[in-house]
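Look for chain A in each of the two complexes below; its partner is chain B in the first and chain C in the second.
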Partner chain A sequence: MNWVGQSIERVEDAALLTGRGRYIDDLAAPPGCLHAAVLRSPHPHAAIRAIDVSAARAAKGVAAVITADDVTQFGAPLLAGVKANIRCWPIAVERVRYVGEPVAVVIAADRYLAEDALELIAVDYAPLPITLRPADALKPDSAVLHEGLGSNIASDRSFRYGDPAGAFARAAHRVSVKVDYPRNSCTPIETYGLIADYDPGEDAYDMLATFQGPFSIHAVLARALKVPGNRLRLRTPPDSGGSFGVKQGIFPYIALMGIAARVAGRPVKWIEDRLEHLAASVSATNRMITLEAAVEADGRITALAWDQVEDVGAHIRAPEPATLYRMHGNLTGAYDIANVSVRNRVVMTNKTPTGLNRGFGGPQVYYALERMMQRIAVELQLDPLNVIRRNLVPSGVFPFRTATGGLLDSGDYPAAVQQAIDEGGLAELRARQQQARAEGRLYGVGMTAVVEPSVSNMGYITTVLTPAERRKAGPKNGAQATATISLDPGGAVTVHVSSVPQGQGHRTVVAQIVADAFGLRPSDIRVITEMDTARDAWSIASGNYASRFAPAVGGAVQLACERIREKLARAAAAQLNVPADEIEFAASRVRARGNPDNALPFARLAATAHWAPGTLADDDQALRETVFWTPPQLTAPTEEDGINSSLCHGFIFDFCGLEVDRITGAVRIDKYVTMHDCGRVLHPGMVAGQVAGGFAQALGAALYEAYVYADDGSFISGTLADYLMPTSAEVPAPLILHFESPSPFTPLGAKGVGEGNCMSTPVCIANAVADALGVKELDLPLTPAKLAALVHAA
Partner chain B sequence: MKPAPFDYVRAESLAEAHDVLAAEGGDAAVIAGGQSLVPLLSMRMARPKVLIDIMHIAELDGIAMDNNTIRVSARVRQAELLAWPDLAVRQPLLAQAMPWIGHWQTRSRGTVCGSIALADPSAELPLCLLALGGEVTLSSKQGRRSVEAGDFFTGLMSTARRDDELIEQVSFPCRRPGEGFAFREFARRHGDFAIVACAAVATEKSVQLAVSGVADRPVVRDFDDASDAALAAFASELDTRDDLHATAEYRRMLVRELGRQTIEEARRCRA
Partner chain C sequence: MPRLSPDARHTVRVTVNGRALEGEAEPRMLLTDFLRHKLGLTGTHVGCEHGVCGACTIQIDGAPARACLTLAVQADGADIRTVEGLAPEPGRLSILQEAFRRHHALQCGFCTAGILMSLNWYLARTPDPSEVELREFLSGHICRCTGYVPIVAAALDAAQRLRETGEQR
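Then we have the complex of A and B:
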């Protein structure tokens, strides 16, 4: 019997459910620790003529006040992923460019005194004209945010795959959609937090932060703090109150507070509050998309033409503009479309800089692509299910190379769709729709098909560079995953992974994998997931993002187990007098296959290298094994700009029925079905948790959530009474179905599953609303007032 | 999100609270359940010099019935009134409306009088007080006075309470024979402040409709003829504005539609 595949109790839960979680704000602050509060810009765009901090410095309890002068003295600008003449600092230098941008930091004995002193800082601002919307940023006369750039367009790249012009010229139909995708965020319950320390004797920083990775940012931070990487120790707390990508965005504060600790000469603690978080942590990108399709009469798509204008806000924060490129290899979604043209522009506006967020580029891309699938059905008077089916990547062609260079690893999309409509009851849902419509109700059915990429290729971001620029910079690719297994003198097994879990239960799944490999129980395995760059094995790809845990980190754990098992098997073979390939690990024992009485306790064998190393060959010393694993399929972009942006591609097919209230415009989800092929399922309960959680956040994006800026650039969704997230009362339980196509590219056959519904669900709901109301253009969030206006205009 | 400095006075008697209020006036703030005041303090939108905690004043406790009136004292938490066994019989409107106030966690701390004192234009309790024609009892060192609900709410989160006064109790008339009540609300999410809430009291002769969420304070209208035209006229006169959650036009539409449903239900409940 295998532990993998079972929904065992999470080892994390006993502590979390009894109030023993160890979150950043619970951890003991070091002796002499001071507290930081940040003065933030009230203006979307203004020159800073002068800052007077003298009164604040003299205030009760204040140790230091940090301004741009300190940051430019001790730090360097933060690097970004594009070659553009922009200098981005973790604090406003000479100019503020968004509401909420840090302007000064007060370091005081406690947070109350620090906030009192903020009020004593006098900043003389000279407001400047603003550029707020991406359409405005494209205009040559828009107010320029970064003068070195000369405009607000940081990148403009065009791509051509196949013969899109020919396909459009020959097409029977052209169907297009325009999307203005809003800003939103997955809003963790725990905000950013860190404890910063600087040791002048070693010129070294020690930063404990709610950072989730990727640790490519470590290199950015070391450079920003002007120290070599070995003098920036970056650690993470044992528990996290959620991240969903968002806590990657803490990194400018790691640089800022590192410098603050250096100036103050004391450790500094900063816990971001909710107002700071909503206004100025990070958000997903808003994007302006025009997507056009060349379509045959039967609904077959022969070409796509993408035009995307990505709004990254006031600064390009690493790894942006990755949101725009993460989907590049799967811009054709779940469909076999040979000809694609793409124009990608990255623009700067007077809004909070963007960063990682669950779904990362998927919500934007699939909103356009799947709205278009629905429009094709409407305009060609076809069944939307048939339009999807007509275009799906067919069965039996995997691994399948997409037009833009993605390599879809495995699946059987038509079969998964068929299973979903059978088990999910699409026919019955359509009957309900007919009945509701006969009663005069506004009932719609929506559907969507999506491939969910996971395990990002660290090289996909370089697709933003031209092939010539890439040649100059050298190749970037791969996705190193890390696992370390140690055996102690009692034969107990400890595992460390650099996966930085944010509540997902990595420790449980790792214990399952290791228990299976060694014939132990999961409770025998101790798993450590705190990260410490000074001590642990890690790479730039370490961290918690791109749904890489199950496929990549879980796989590395499996490989580390196999490496230790081979050594132990050879040691056991000598003692049990059988060939090593006849050794099996089961029931906490190591035994000869077919002769279970010829056995050793696992613990005794595992301790051999401690107690009797002289009995073992050098190659058989099993004390500690670290495995680094990177899949060969993740290659750098080709000369033709083809990029396999992700290793794994899960498949999702969703459909739903919903009703729009004729009076209030409120949406009631009647039924939601979500079919997932995430490869091999390691822990069904956690997979369901990932799907349910992603679905809830996606429902928020669909119906409630938007970071809204007024026309004057002020931020008007600055509290949780303005930025509405669905609660359990608003979220129906989706019907979750599975179709299992193990990935041939990962050691365990697993694929990522955490982000898919953030990609599929917003547009599935929008397609159903469009069906209910008979409307063409529909932008999120689908608020009651917006929908009521459409109902009453009809 | 840390409050500016303030002094804290835990008043042990009404007289002590009155003394501090008399001395500090507008620089003092009364705190009871703190469900609105504490966030306002933390955001430094409220900056009292002195916070007067009235939750230990024995005189301010209890729910009482007299003269066909429910008198709710300042210490009574919303959950306590909602759990009062006679509520549904004595005043069905409150029993219907109060579950819509925030969440059970906030009702466990928030007080009835505190909600009246805050006078949020979207809140349920000010709406009910106005619809029922209740009263607010204010007291200070100068003495005690009662103000009718219609005169108490004077604007956006502003009331007839003077700086040296506190609310001692609010009084809700009990149900009278032949009355019917109804409450309807539309909010973005469960527990949110209302986009529009409606409370109706129907009698043999007429119907009172009170609405909240649409103006700077709750508004009540007595309808002899609750026709669609009369409701449309009422809705169009409301001083409502666009905000993040809804347009003014949308709110007026909800007043017409929810208002009609609420009136119809109140009339049915009379029977």
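Then we have the complex of A and C:
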């Protein structure tokens, strides 16, 4: 019996349930540690004429006040992924460009005193005209944020795959949708936090931060702090209070507080508060999309034309504009569409810079694509299920190369859809809809099909560069995952992975994988997941993002196990007098297959290389193995701009029934069904947790959540009473179904599963609301006020 | 009501999880900061410091309260219960904690302490809640990881086991 595949209890939970977690703010601060508070801009756009910090410097308990002068003296700008004449600093230099941008940092004996001193800083601002919406940013006369750029358009690329113009010319119908996708965030309950230290003797920074990866950012930070990478030690705490991508966005503060510690001459601790987090941590991108489809009379799509205007806010922070390109290989979704044109523009506005957020580009792309599928059904008077089925990638063609270069690894989409409608009861839901409508109620059914990418190709972002620019910069591709397995002198097994979990139970799943490989119990295995770039094996793809744990990190663990097992098997073969290929690992013993009495205790064999290395051949010394694994399918963009942006592609088919209250406009979800094919399931309980958790966040994005800016650029979602996240009273339990198509590209056959519902659920709900109300254009969030206005206008 | 000087530190004496403890606090110090950084009880978490998320929920004199909306000096003389006091002994979990582990009712665990403190109080007073009642009660807490489904399942499971075993608190 295997441990993998069982929903065992998590090794993480006993500590977390008893108040013994070790989150950043629980860790002992080093002796002499001071505390930081950040002064932030109240203006969306203004020149800084002068900053007077003299009163703050003289205030009680204050050790230092850091301004742009310090940051430009000791630091360098943060690099981004596009070639544009923009300098992005972790603090406002000469100009503020969004409400909440750091302007000064006070370092004091405690946080209370530091906040007192913030009030004593006098900043002389000269307000400037603002550019707030992406449509405004496209206008030639919009207020320019970065004068070196000359406009607010940081990138403008067009792509053509197949013959979209010909397909549109021949098409029987054209169907289009316009989407204004709002800003939102997955908003972890723990905010950012860090402890910064600088050693002038070695010119080295030691930063302990709630960073979640990708560790490509380590290179950005070393440049920003003007030290080689081996003088920037970046560590993470043992526990994290959630991230969902968001804690990637702490990195500018790592640079800022590193310099603050250097100037103060003491360690510095900073814990972001909730008001700072909402206003100025990071946001998903808002995006303006026009999507057009060439459609045959039967609903078959022959071409897509994408026009996307991505609003990254006031700065392009690494890895942006990655949100715009992560989906590039799967811009045709779950469908077989041969001809695609794309125009992608990246614009700057006076809002908080954007970064990683669960779903990362998927919510925006699938909102447009799947709203369009619903519109095709309406306009051509077809059943929406049939429109989806007519266009699905057919059975038996995997691995399947998409028009834009993605390689869909495995699946059987039509079969998964059929299973979902059978087990999920679509017919019954439609009967309920008929009855509700007969009673005069506003009841809608929505559905959506989605391909969920996981394990990002670290080279996909270079699709934003032209082929000539890429040739000059050199190829970028791949995604190194790492795992290190150590055997100690007592034969006990310790594993380190650079996966930086944020609550996903990686330690438990790694223990399951290793226990299976060595015939041990998960409780025999100790797994370490905190990261230390000075000591651990890591690479740029390390970290917790793009749903890479199960497919990539789990796979690297499996490969490291196999390496150690081969060595141990050879050592055991000599002692048990059987060939190495007849050695098996089971029941905490290493034994001859078919003769279980001819055996050694695992621990004794595993300790051999410590106590008696002279009895082993050089190649059989099993002490410690580190595996770096990168999948060969993750190649650089082609000369034709084809890009396999992700290694794995799960499949999701969702449908739901909901009712809109005629008076209040409130949405009541009647039933929600979500079918997932995420390859091999390693821990069903955790997969269910990822699906239900992602569903709840997606429900929030669909119905309640938006980072709202007033027309004057002020931020008006600054508390949790304004930014409404769903609670237990609002989130129904979705019916979760599974279809299992193991990935041929990953060692364990697993694919990612954590982000799919953030892609599928918002548009599934919107399609149901559109069905209920009979409306064409519908932008999120579908708040009661918005829907009530639509109902009452009808 | 004693008058407190804003610049002075005052001795705050509390009973936490049955133990008498004391520490110094300025009048403006939040009870969350006092518990975490003066008394070293870091199991109580800070999520918003404006009373919405529920992560900091503790029990003060037998009733659930937001520690982030309470000043340390207000708690002088109070009987406080925190997540550190829920387990019957080191290495053992309470029935409620065990149910959370069994149902995977936590992922990152950051909101969990507050939810446990609320449920511990609620289930003692409402031993047989319906799912609707339970969901309404839990709506004072925000969890971003689980989608609430396993939390509700764990609470219902714990309620049943508590009824069967008659375990108090």
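In this text, the second predicted complex is superposed on the first by the 794 of 794 C-alpha atoms of A that agree within 3 Å, B and C clash if a C-alpha of one lies under 4 Å from a C-alpha of the other, contacts with A are read in each partner's own complex, and residues count from 1 in each chain.
Quick note on the criterion: a residue touches a chain if its C-beta (ideal position, glycine included) is under 8 Å from a C-beta of that chain, and two chains touch if they have at least 3 such contacts.
Worth saying up front: this structure is predicted, and the values here are computed from it rather than measured.
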item: Which of chain B and chain C A:50 touches, first, second, both or neither; value: neither
item: Chain B versus chain C as contact partner of A:792, first or second or both or neither; value: first
item: Which of chain B and chain C A:727 touches, first, second, both or neither; value: both
item: First (chain B), second (chain C), both or neither touched by A:112; value: both
item: First (chain B), second (chain C), both or neither touched by A:468; value: neither
item: Winner by number of chain A residues touched, once chain B and chain C are compared; value: C
item: Chain B versus chain C as contact partner of A:685, first or second or both or neither; value: second
item: Which superposed partner A:273 touches (first chain B, second chain C, both, neither); value: both
item: Partner chain(s) touched by A:1 [first = chain B, second = chain C, both, neither]; value: neither
item: First, second, both or neither for A:663, with chain B first and chain C second; value: first
item: Contact residues of chain A, present in both the chain B and the chain C interface; value: 112, 273-275, 721, 727, 729-730
item: Residues of chain C that touch chain A when the two form their complex; value: 26, 28-29, 36, 41-50, 52-53, 55, 82-84, 86-87, 93, 97, 100-102, 104, 106-113, 116, 134-136, 138-152
item: Contacting residues of chain A [partner chain C, same complex]; value: 7, 9-10, 12-14, 16-21, 23, 25-26, 112, 186-191, 239-242, 244, 273-275, 502-505, 685-686, 688-689, 692-697, 719-721, 725, 727-731, 733-734
item: Contact set on chain B toward chain A in their complex; value: 1-5, 43-44, 186, 188-193, 195, 244-247, 249-250, 253-254, 257-258
item: Contacting residues of chain A [partner chain B, same complex]; value: 111-112, 115-116, 119, 273-275, 663-666, 704, 708, 716-717, 721-722, 724, 726-727, 729-730, 783-785, 788-789, 792
